[in-house]
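Labels A, B, C and D are assigned to the chains in the order they are written; within every chain, residues are numbered from 1.
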Amino acid sequence: MIIVLKPNADEKKFQKLQSWIKDDLGLDIHFSHGEKSTILGLVGDTSKVDIDAVSALDIVESVKRIQEPYKAANRKFHPLDSVISVGDVKIGGGNFVKIAGPCSVETIDQITGIARAVKAAGANMLRGGAFKPRTSPYAFQGLGKTGIEYLLEAKKATGLPIVTEIMELTDLDMFNDVDVIQVGARNMQNFRLLKELGTIDKPILLKRGLANTVAELLMSAEYIMAGGNEKVILCERGIRTFETATRNTLDISVIPVLKEKTHLPIIVDPSHSTGFSKYVKDVTYAATAAGADGIIVEVHNDPENAWCDGQQSITPEAFAKLSTGMDKIREVVSAL
Amino acid sequence: MIIVLKPNADEKKFQKLQSWIKDDLGLDIHFSHGEKSTILGLVGDTSKVDIDAVSALDIVESVKRIQEPYKAANRKFHPLDSVISVGDVKIGGGNFVKIAGPCSVETIDQITGIARAVKAAGANMLRGGAFKPRTSPYAFQGLGKTGIEYLLEAKKATGLPIVTEIMELTDLDMFNDVDVIQVGARNMQNFRLLKELGTIDKPILLKRGLANTVAELLMSAEYIMAGGNEKVILCERGIRTFETATRNTLDISVIPVLKEKTHLPIIVDPSHSTGFSKYVKDVTYAATAAGADGIIVEVHNDPENAWCDGQQSITPEAFAKLSTGMDKIREVVSAL
Amino acid sequence: MIIVLKPNADEKKFQKLQSWIKDDLGLDIHFSHGEKSTILGLVGDTSKVDIDAVSALDIVESVKRIQEPYKAANRKFHPLDSVISVGDVKIGGGNFVKIAGPCSVETIDQITGIARAVKAAGANMLRGGAFKPRTSPYAFQGLGKTGIEYLLEAKKATGLPIVTEIMELTDLDMFNDVDVIQVGARNMQNFRLLKELGTIDKPILLKRGLANTVAELLMSAEYIMAGGNEKVILCERGIRTFETATRNTLDISVIPVLKEKTHLPIIVDPSHSTGFSKYVKDVTYAATAAGADGIIVEVHNDPENAWCDGQQSITPEAFAKLSTGMDKIREVVSAL
Amino acid sequence: MIIVLKPNADEKKFQKLQSWIKDDLGLDIHFSHGEKSTILGLVGDTSKVDIDAVSALDIVESVKRIQEPYKAANRKFHPLDSVISVGDVKIGGGNFVKIAGPCSVETIDQITGIARAVKAAGANMLRGGAFKPRTSPYAFQGLGKTGIEYLLEAKKATGLPIVTEIMELTDLDMFNDVDVIQVGARNMQNFRLLKELGTIDKPILLKRGLANTVAELLMSAEYIMAGGNEKVILCERGIRTFETATRNTLDISVIPVLKEKTHLPIIVDPSHSTGFSKYVKDVTYAATAAGADGIIVEVHNDPENAWCDGQQSITPEAFAKLSTGMDKIREVVSAL
């Protein structure tokens, strides 16, 4: 961490700052006295220093972190790719996951039917919403507990592990038999929820928030990991920008950026990022070629009659082609 | 609601759509047949029609809402300003609230001292964080229940009503004696929390999310109001943009926009929107002149030693001047 | 175009509007009278109707375009892919272009050396900046006319067609022998320049602006095409968002979006969009898999000593691998 | 400037870097050797060091500027407010300018009539577009040279100095009698134009670009000032964000931010930032209360029949009230 002092910083406050750094934080200081400003280089483990507290000091002009504020999620301290196991499925470190299923669970026949179809088409995990975050209080909000039960039936029928979203801490008990718990974009900074999920032994699929940076995504992963649960799967699902031709803007570069900064696997959601089924194929191929560790895509047997997000759902037939396409692209890219 | 059909829309599907609109939704349809497209105008109460479901239909090119999807929060159905009462304090309809206090409650002396100071300086409500959403799991997270107890002590000592943030539904019991419950920016779309807050009889201070539109803010208010709690105070606290000179970008225009669209009061947070105490004054005056119904500002007796957000906190002395300034600007503006 | 009138619209103004639409614009009107609002559907060629002028009318609540405001660039009126020829090189309609070269032309040896290297590595066009838009007036601004002369020498030595950026209309004479003229992101809405480029017979590489929508990009293409020059190549080079881990945010979804809306070829710039050479490979593969018609990438023989943008330039060796990778991905994707 | 080296940086490259800094740039270096990284503090005038060039070096992890890259526009080197004189009108340093007039000049009667009306209502400068940047090639593009002639007639009739926009360098000759030349948002980084405007002796009204930071705005001012023309008036006119309730998002905080960083005057455009006449009043009062040095607002005698941007134009009557309001707010605020 580098601290730049204001010109003519008060000597007494400067002394106080120095003893706080040395005595309270246990860090060393290297000084650099310039013409107009003095610069302090902090040496030691600064990952837990509160940068805002330092910035608030009257004598400080600016502060810059050198060391990232996350440790558990940091590739520097964990150079090898993490591989997350979900039943027989592995994610990361060269293992690619194809998660498919409807936006929301509707009936037991619907979810079991789709589960069978996507399994036949190459999926190795089933998604489906039981609790749905909806902008309007008047829109369908999901089947809740019944939805999870239907998902478990679909799992029984097909053997596919299931992933579904938790919206509220108090529901956690219902997720005991769920294989992967999803934290949605709107909850990426629901720190209480993250903390609790850090205490359980189950993979967490953490979606990036609409207005959250890569650094914030990693800090949210850190919240979970700091509690002891290191099974975090990151998910890019588009960010909010000024462009309205797509529902959100898929930040494709986040794949190599995250590969550099963290050892955690990163998957992509082509459905929510584009918002239109017609764009799903090209964006999925892009994510695959860029080195993503998997995709999570909305598949519905009858998109026009889906209870939610039908506009962005593809059919099982389209998914089958997509699945083949991903395999072929991965084969080529991994040999490059 | 206007539905534009694709050219050469399948006749059978078109019939199905028509009967859904008429029979299931109970709406009338006006037709407009153009050269290249057919347009349907839906007549009746369309506020609860799921626009996404309509968009998903194969034969639909695009859909446009005419009627807003919120009703309870809509000024069209409630032309007069809502006035929210908190003890003797009134907010909205010409009543201006000055909420001041520290980012986080630290000690009983700190919060009581600041409460006395801001009251003397013109504040009529006290803010203070007991539960703090922090980006880093290693940062100070608030005193929790104890923080609320200290706030209640400060209320007893000064008579100021208190507002403090709820982070998690399960904490709701601790807020029984709190006067106003704040929903933070990161929870603006925590729909489960909103729904629960709709069932209680207590004013809610709803902060706009960093990446949320005005329309989404009003839908979140609608979540609360749909449950029966109409005491919602909206709060603009800056949105996330590409500009980094300030912590966030205060969207000042939101004041007249909200005044037009809703009857709910709107207050402004100059501290979180700018992130620097040095910019608080000018931005507060701007919000006052633009017609805001109040402000919520961070005040700390010793900003440099604040446990959080010291960089954006002003001193009680600065707040006293600010308070006088707001009064004078309001006097002038209300006479224009 | 759909016009929604305000409730209780003044009858006289309504009559005036109707005669303007029918008599001045030569369009037909379909009426839809709802409970609260009257809707007009305009029938005919509305692409040139000024939507702002209609919105300004006192009696108008809102206006929605059905027909796109661009015609020449619109795939609806030109279903087949445009193929742009540059010497022997073809772009679009299944033809992929690899444009490589340094950020700026430095010396005749540098540009000729790089030209030879990228040609050997698979490039079929050479890029290089002669006029450089730089944020700081104190930074190197390019060799100007001499830079173009050096590029022409490199063309002579290798046979590669050249593309270079024009910054100012008055320089146009210097571009007579340039094969493709590039319009940079900052000039995407320099309408005078676009208009002039519409009068010449030379392909234009039009880069999307940092804050410009797809619709605006197509309107800028329309400016050129309206003048008679239909040889426009679109280029996505990243947009400005809140994320700072990369220089800009590459909007990968723009590829299928543009493929749907226009017949013009679309290429991608992985260098400016990411800003770091280490991310170029993955993003280039993504663009290739998503169906781009080519890429334009910065290649420098000695990135560390480049006179500008060395941070995002790759070496000729890295480009050779990239070129092979793109070929293999295209082969697979085109067979899917 | 602070340079953080990568761990285990190559010694030879490190030596090369040091001699470049010392010998070529003439700067001193202070070293800080940490456990994992070495930090260099550069001492001396670093405002013209190319930060991108340093970042490109293989051994460099990151670079941070301490000193701003602009000098002429920097308040640190010019503590007193600049006051720009336009005829008898002064801007900055406590002098407030009210610029009013139509989006575009239409007829000699229109512009002279509006000029008389806004003068009577309190304006001290007249605006009007002769060259109009329009998104569509099919929209009205302004009267051009004739528009300037009409403006000069209106000036003759009223004595009001005039400000009008230049779109293209080659038009500069037509601006000889114009009092203030406006550079529009789309041209904020048209560096060739800025450079040329730096060589003339006439105030320049420089509008912030839709996606440009404060730092970039100041660098564009620096382009003009570096050429010798120090008469630059900055203008905030809204930035592009995800919010669509207003045309753009007015960044009100930019006023105190710019007041801190530069001595140049800053004015606000409430018309383009909001896009709707109904929001102009509140936003204008906000800008006035926040300490802006003036406003530039669109006024039209007949907004519904304006040839462009009628939706955001106010009437002369509304402007008269606005003018009084600004005066009263300024009186109060300047006494605080």
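Here is the rule we go by: contacts are C-beta pairs under 8 Å (C-beta built on N, C-alpha and C of every residue); 3 or more make two chains touch, one makes a residue touch a chain.
Everything quoted here is computed from the prediction, not taken from an experiment.
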For chain A and chain D, chains touching each: B, C
Chain located farthest away, centre of chain C as origin (C-alpha): B
Chain A-chain B separation of Cα centroids, rounded to whole Å: 27
Gap in Å, rounded to a whole number, between the CA centres of chain D and chain B: 32
Multi-partner residues of chain D (each touching 2 or more other chains): 211, 240-242, 244
Footprint of chain D on chain C - complex, ascending: 47-48, 50, 52-53, 55-58, 69, 133-141, 167-170, 186-187, 189-195, 209-211, 216, 219, 222-223, 226, 240, 303-304, 306-311, 313
Chain A-touching residues of chain D, taken from the complex the two chains share: 2, 4, 28, 30-37, 39, 41, 43-44, 61-62, 64, 66-67, 240-242, 244
Sites on chain A touched by chain C in the complex: 211, 213-215, 239, 241-246, 249-257, 259-260, 273-274, 278-279, 281-283, 285-291, 321, 324-325, 328-329, 331-333, 336
